[in-house]
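Structure provided below as structure tokens; questions to follow.
Lettered A, B and C in written order, each chain numbered from 1.
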């Protein structure tokens, strides 16, 4: 891409914005729908963008993998990224991550939206961290809603020094009144 | 950034690569360590990058928020991005919650009763909401009264897009008689 | 906050001022209008009329804001109306300070309201910018240092308990109006015992040991009950003077039975 502004609506910029937030590779049909432009145009724009990033020697790269497009770090800088990941102070979980992990541990199998409801905040980022760190994994899906259910991993048990989930200390002593809890939970579930 | 390759080692590209994998704001000191370059140089490179992204009208933006740098999507493409990011929407705060948050932000660290005094109403429920939403957190206790003190979180800074508390809009212009006010405030403070 | 936003488009019509309510507040804040000149009852009447006019469009938020501001104005006015004159002793100074504190509170409230509006604007703006939070590419994810769970199983359970505990529903606290239960019947028994022994006593003496106003009130009500039952008679020489209470009942009266009304 040159430094010249593009003519017409900024298709490339719109694609850049969407691709910045996507986690999984996104196919061209989906992208075309989102930006409301013909697929061929979108494909051309993506190819141009990728070529431009390479030509400009950017630290990121736009690649078509498994039928979809996604930002990747450029190979040339893999060493630096590896150093960052290895040395980063990421060994400890944040308080938010710990609390979310606790909810998953005691409520599993549980959907992401259930966890979010209990925590009263969006938990997407934190759940991703827990998945990446191998503490939480997918455990099938809810037969009714079809929502993906999550549970803790054996790695989680190891890190906590437990043999099985049965060894998790009972929750009861830490809850005000279990009866109220269950009622409230049911209400929330159905709401 | 122009289409010309940069002279010397590609600092900007290295920073782009690292920033692509972070999931929370990263401060300049950490980045300088990873890319092994002086902090001032890193700061300059980040500022240049951000300016170039804006000039080129890219779909993403590099911003310093809550003390660290991070990629954001550009505001212009919010409508398109939000077709993708489903539950990214944060629940709106009520007027009472916003006002209470404002008092905490400008008075921190501050006790619940001090906040209630300014708001002239009981703020218990509202403070609970702010705590649950991660906008406010406990910051120690008052050495004299032992009352728990509250302050704003880095999530608060992120929600407002502020780099630090120093960037809070000044309160003074909203006070008609600043001189009088300050005196009053000191009196009350010491009482 | 824009002028007029505080109480919607509520306008006041007063002898000294006609215009938006918010502007009235601003003028008082800037010392351009004396609060004592403002007929607050008229302002309140107008506001109620304004609310009625809107019929079903009743806006609780607007009404609440009006109440907060009106209450502060009322405080302010009360303070302003206190005899001012020359500041010649400590008490006068205290009155002045109280008055200025009220004034400061009003200004402060306005200021925080205004920045709260700025906060809302910034949040709305910021919510249109989305951050990148994606999973690490697998090649990097495997390099992540081993997670350290800095807590043990018991602490973990406690954390879960806190995270899962039902969030208390918002309630209006009545703690400040809490009053201990006082029974009129019990107080009647106490009084009967005292009076049987003393024959005659003043109301002051009969309530000498009361540590709360509520208890005094209960004793008074109990006396009325005793009077109705013909167990006591009253005697008061001057209006607002000392109240003499005489026991005229039998010795058995009110030993145990008495009208059973409890003040809650």
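Please note the rule applied: a contact is a pair of C-beta atoms (placed from the backbone, for glycine too) under 8 Å apart; a residue touches a chain by one contact, two chains touch by 3 or more.
No experiment lies behind these values; they were computed from the predicted model shown.
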item	value
Distance-maximising chain from chain B - centres being C-alpha averages	C
Centrality ranking, top chain (CA atoms only)	B
Between chain B and chain C, centroid-to-centroid distance (C-alpha), Å	35
Inter-centroid spacing, chain B versus chain A (mean Cα positions, whole Å)	23
Between chain A and chain C, centroid-to-centroid distance (C-alpha), Å	47
Numbers and ranges of chain B residues touching at least 2 other chains	20-21, 23, 60, 71, 73-74, 81, 85, 88, 90, 132
Contacts with 2+ other chains: residues of chain C	130-134, 136-137, 140, 167
List of chain A residues in touch with chain B within their complex	1-3, 5-6, 10, 12-22, 34-35, 55-60, 71-74, 76-78, 80-81, 83-85, 87-88, 96, 113, 116, 120-122, 124-125, 128-129
Chain B-touching residues of chain C, taken from the complex the two chains share	26, 29-30, 61, 65, 68, 71-72, 97, 100-101, 103-105, 107-120, 122-123, 125-134, 136-137, 140, 167-168, 170-173
Footprint of chain A on chain C - complex, ascending	130-137, 139-141, 143-154, 156-167
Of chain A, residues touching chain C in the complex	20-23, 72-73, 78, 81-82, 85-86, 88, 90-93, 98-100, 102-103, 105-107, 118-120, 124-125, 128, 131-135, 159-162, 167-171, 173-176, 180-181, 184
